[in-house]
Amino acid sequence: MNVLAKIFVTLKDSVLDPQGKAVTHALHALKYGAVSDVRIGKYMEVTLSANSLDDADRLVRGMCDELLTNPVIEKFTFELMEVSQ
Amino acid sequence: MKTAVLQFPGSNCDIDALKALHHTVDTMAELVWHTTTDLSSYDLIVVPGGFSYGDYLRAGAIARFSPVLKAVQEAAARGRYILGICNGFQILTEAGLLPGALRRNESLQFRCEISQLVVANGHTAFTSEYTENEIINIPIAHGEGNYYVDDETKKALQERGQIVFRYVSEHNPNGSVDGIAGVINERGNVLGMMPHPERAVSKRLGSEDGLRLFASILKSWRGTHVLH
Amino acid sequence: MSYTEPTAGEIKEQRIYRTFGVTDEEFARVTELLGRLPNYVEIGVFSVMWSEHCSYKSSRRVLRRFPTSGPQVLQGPGENAGIVDIGDGQAVVFKIESHNHPTAIEPYQGAATGVGGIIRDIFTMGARPVALLNSLRFGPLDDAHNRYLFSHSVAGIGGYGNCIGIPTVGGEVYFDDSYTHNPLVNAMCVGIIEQAKIARGSASGVGNPVLVVGAKTGRDGIHGATFASAQDPHAKERSAVQVGDPFMEKLLLEACLELIETGKVVGIQDMGAAGLTSSSAEMASRAGSGLTLDVSRVPCRETGMSPYEIMLSESQERMLVVMQKGEEAIAFSIFEKWGLEATVIGQVTDDGMLRIVEGGKVAGEMPVTALVDEAPVLERPSAVPAYLSQLLPAPTSLPDGPSHEDALMHLLAKPTIASKEWVYDQYDSMVRTETFVRPGSDAAIVGVPGTNKALGMVTDGNGRYVYLDPYAGGAWAVAEAARNLVCSGARPLAVTDCLNYGNPEKPEIFYQFERSADGISEACLTFGTPVISGNVSLYNESLGQDIYPTPVIGMIGLMDDAGMITPSSFTNPGHILYVLGDIAAPLQDGLGGSEYLAEFLPEGVLAYKLPHLDLGTEKAVQDACYQLIQQGVVNAAHDVSDGGLLVALAESAIQGNIGVRVEVPQEVRDEALAALLFGESPSRIVIEVASDRSADVERVAQQLGIPCARLGVVTDELRFSVMANGSKVVDMAIGDLRSAWQGAIASWMN
Amino acid sequence: MNVLAKIFVTLKDSVLDPQGKAVTHALHALKYGAVSDVRIGKYMEVTLSANSLDDADRLVRGMCDELLTNPVIEKFTFELMEVSQ
C-alpha cells in the first residue's frame, strides 16, 4: 500500500526558538496583538510504500529518530494516511 | 546626489555600502535607521545586505514591514533610484517592489565566492557604464539567492529588458531561474541584485568591477539634474 | 513559586553532590569554607565553579608555564580575551575556544553557539570583532555519521558568523579516526580596539548596579560546564544543548559597543559556560568585591524557574554589566533602541560575598574567594606512555610503495590535504570589505580600517604529530603557525591556544598534555609570541578511547604595510623556485608522521618517530623568508607541511594555474626519494623569485646560516614536472592535479 | 477564547523542492528505499486569543497572507482548535 506521512517537527518546549520569537514580534507590530506565542518547526510530507499502516508507522518513526530530527532539541509527531497509486 | 543607506536590525553590509559610496562616487551618503518615515531628501536609497531580523521566517519577510519601507515605496513612486543588494533585493521582492522571490540555494548551502556576471542590460540607470554582455566579477554571499519567477513573468521580464544581470551560464551558483542575478522594475529606477557590487571596489578586494555600477547611478542622476 | 529541592541534609546524606561531579573531598572542603552545609543552590554554584571547565583544576599548574608577557602584550590570560598592541593607539583582541562536546550531540547548534560564545568574549572587551577562524577535526568521510557531523558543524559555523556579519577568514580541517566519536570544533575571534577604550570584566564600586542584558534566561544547558567534563558520553548528553540566536547577538554586539563607548561601564562580562554563576563570581573576584543578585528580577523565558536554574542556566546571548551608579538610564535607552532588555538585578557590595536573593529571601550566600581562589588545583599524576619508547626510526620509502605520480594524486585527494573550498565557500569571508587574503592561502590577511596596516591570522595544529612526540608536536604547532604568517608577509605577534586532550585522569594523557604545553612554551619564546589567551578542553574521549592530543594554536601577525602581502600561489612563468631550509632533511627524518604513511601504511603511521624539529633552524628559515619578503624579493611563498614538498609545490601551482618544472638538486638513492618528495620535515619554505633576484636569496640565506636550494622554474606550460637523478619521476597535467585536489571533499559530501 | 492554529506551509507544486530531494536521497542511503517522495515545508503553531473560531480563521488567514507565507512560491493550510487557559 501507498502511505502519506505528514510529519510535524518542533523544537522542544524548553529550547529557544529564535524564529518563533522574531515572528511573534513582527505579528505584534502588524495588527496581530492577539497572538501570544509562535513556534516554528518543519513540516514534511513523506510518501512511502508499506505493507500496512503499522509497518509504515514503524518506518516513519525510524526515519524520524535516525535522520529527520535530533531528539536532543526536537520532538515530532506524525499522521499516516493511505493514498492511492 | 544624496544617498541613504538603510539600516535594519541585522543589516551587516550597511557600512560596506557606505564605504563603497564614499570611495566611488564621493557623494553625500549616510546611514538611515529603519524607523525613519521620510526619505524625500534622498536621490538614491541603498537597501544593503545582511540578515535583517535574522532572516527568520524568510529572508526579507519581516523587514518589509519596517516603517522605512513605506518611505521607500514613496521614493520609488517618485522615481528616485533604489538599489537593493542581497538582503536588500530579498526585501524589495518581499515588499512587491520587484517581481519574483528568492528561495534557498539549490545546494542548500550558503555560498560565498567571486562570481562572474553577464551584464544582460547595459542601458539601465545602474549599468550604463558597462557594455552590454560584458562579463564582470562581483562577489556573492548568500544562502537564499535562488531567484524564482513563473514562466510567464520571466518572458515578460525578458521582453522588457528587466533582467539586468545573469550568472555566466556554466556557473549558476544557486539554481536561479534563467541564471538571473539581478532585475529592475518596469520604470527602471529600482534594481535588486544578489551579488555585492560594494565588495568589488578595489584591487585588494579582488575586483573593481563594482565601481562602474555606482558610477552609472551618479551619471544617470547628473543627466536628470542641472549642474550648478 | 514552588519547587522542591533536596535539603542541605539530604544533599549530604544522599551524596546528591556527586551527581554534579563534586567529589566527597570537595564537598567536605565546601562545607569547611562555608562553615556549614551548602544548600542546593550553593552546591550547584560550587559544582560549576569548581568544575574542570571553569576552574581549570587539572590544567592550571601547567598553564602557568606559558610565557605570557612581552612589550606588545596589553592584556594577558585572565580576562575574557587577550590584547596586543599594534601601534597608533590601536590593539588587536583575540581568543580561541572549544565547543567539542555540544557539537558531538547537536553539530549545527553546537558549532554555532561556539562561534557565538567566542564573539562575545571579544566584544565584552570593547573591541569590534573583525574576523573569525575555526579549527575542525572529524572522523573520516567514508562514514555517514562523520559526514553528518562535519556538514552540520560547517553549516552551523557559517550560519552564525554569516548572520552576525563577521567574516570567517581561515581555519583548518583534519580527518582522522581518532576524532570519530569526539569531533573537535575550536572557534577563534579577532577584534580591533582603541587602547583607550578597553573594557574589563571587573565588578568594582560599592553600590554600583549590576545588569543582565540581552536574551531572556531559559532552562538551557543547565550544568553544561559540569557535563562537558563527564566521562560517560550519556552524561554529556544530559546537558541540554542551547540554540543560538545570531540575530540577537548582532543586536547585543552593537548595543554593548555603543554602551561601552559612553564610558559609563564599570565592568562587563559575557555569560558563557555556567552563565550567571561564573560571570558574577569572576567579575567580583577580579575586583575583590562582593555582589548581591536578586534572581527574581532576571527576565526569564520560561515560567517557574528556581534560583538554582537561573544561576546555572547557559542561555546564550546574555551579558552581565556593572554600570556607574545613577547611569543605568543610559543602558536602558541604548538597549531599547536595539530592541533588547537591560535589567538591574543587583549591586556591588564590599563584603566579598556572592549573595543570591529571591525577592526578600536569601537563597544562597558564598564567599567569592571560596568560589574562585579556593577552587581545587589538582596535581595529576603524569607518566610517559609506553608507546613513545617503542617508536622506530621512520623509513624513507615503503617496500611496495606507489609510484610518485600515484602518491601525489592520492595525497592531493585526501580530505585532510585537499582544498577546503567546500568548507570555506559556505562562510562569508568578505563582509566588512577588509579581507585582503581570503581562505585558501597560508594565512588570512585582514586590513586594519583607516590604516595601511593589516593583520595576518592562522590556526594550526596536528594531533598525530603531538601523539608521536608531545614536546616537539606542541612546538611544531607554534612553528607552523608562525611560518604560515611569515609566508604571507606578516610578523608573528602573539598566540592564543586551545588545548584539546583526552581524559587527564590517565597519567599518559596528562603527560601528553604537560609535555606538549612545554613544547608550546619553548616555541613561543623562540618566536617572541607570548600566549595571551586560550582555552582547555579535556575528557575528549569516548568508549575509553582518547583523541590524539590536539593543541591548536591561533596566531596573529602584523603587517605594517598591507602592500607586502605575499600569495602562496605561483605567479610568473620564468621565475625561479627556491627552498629555504634543508630540502634534504627527510633523508634523515624519513616519512615519520606523514600523510604519506597515513595513506599508504595506515597501520604503521603511529609506529615511527616524528621528524626532528630544531627551533633555532626554524626561526632562521622564517627570518630569511620574512627579510626577503620585506626586501621585495619574493613573489610567492608557501611552507612545506602536510604532504611534503611535492604537495606544497602542487598547491601553489594549482592555485596559480601555472606550471612548474623542478629538479631535485642532489643525487638521492631511489629508495630515499619518497621521503624527499613527501616527507614532512619542518623548517622548509618554497619561494618564487624573479631570476635577477637569485643573488639576494643566496645572500640572505648565507647571512642567516641556512641552506637554500634552487629547485626549478615556474612555466607557462600547464604541467607539473619533477626530475630526480637525471630522469623524470613526475610529469602530470596541472588540470588533473587540480581536479583531484579541488573536488575531493565535495565528492564525499554532495 | 484561546485558539491554537497549526499552519502548514509548503512550496507550490510548480516550485522545485531541493531539500525534499536531498532528504529522499539520504533516506534511500539509509534503509528507507520504500520512500518515493519527500516534500519539506514549514510547520507553525500560533497561539492567539479570538472571539470565535470564525474570528480566529479570519486572523490566521490574514497573517498567513501578509507575513507567514510568500504567495509567489508557497501555499498554506491550517487547522484551528480551542485550547484551555
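Each chain carries a letter (A, B, C and D) given by its place in the written order, and its residues are counted from 1.
Here, a contact is a pair of C-beta atoms (placed from the backbone, for glycine too) under 8 Å apart; a residue touches a chain by one contact, two chains touch by 3 or more.
Remember, predicted model here, so these are calculated numbers, not experimental data.
Taking B-D and A-C together, the pair of chains sharing more C-beta contacts is A-C. Separating the centre of subunit B from that of subunit D, both taken as means of CA atoms, is a distance of 31 Å. A separation of 37 Å divides the Cα centre of subunit B from that of subunit C.
Note on chain placement: the centre of subunit C and the centre of subunit D lie 41 Å apart, centres being C-alpha means.
Across the assembly, subunit A contributes residues 18, 22-23, 26, 30, 40 that each touch 2 or more other chains.
Listed for subunit B are residues 53-54, 56-57, 61-62, 65, 107, each touching two or more other chains. Among all residues of subunit C, those that touch two or more other chains are 245, 247-248, 339.
Arrangement of the chains shown, judged by which pairs touch: an irregular graph that fits none of the line, ring, star or complete shapes. Partner subunit B is touched in their complex by these residues of subunit A: 18-19, 22-23, 26, 29-30, 40.
Interface of subunit D with subunit B (complex): residues 11, 14-16, 18-19, 22, 67-68, 70, 72-73. Interface residues of subunit C facing subunit B in the complex, by the touch rule stated above, are 155, 158-159, 162-165, 245-248, 250-251, 338-339, 424-433, 435-436, 438, 447, 562, 750.
Of all the residues in subunit C, the ones that touch subunit A in their complex are 105-106, 109, 215, 218-220, 237, 240-245, 247-248, 301-302, 315-316, 339. By the touch criterion stated above, subunit A contacts subunit D in their complex at residues 2, 6, 8-10, 20, 23, 26-27, 30, 32, 34-50, 59, 62-63, 66-68.
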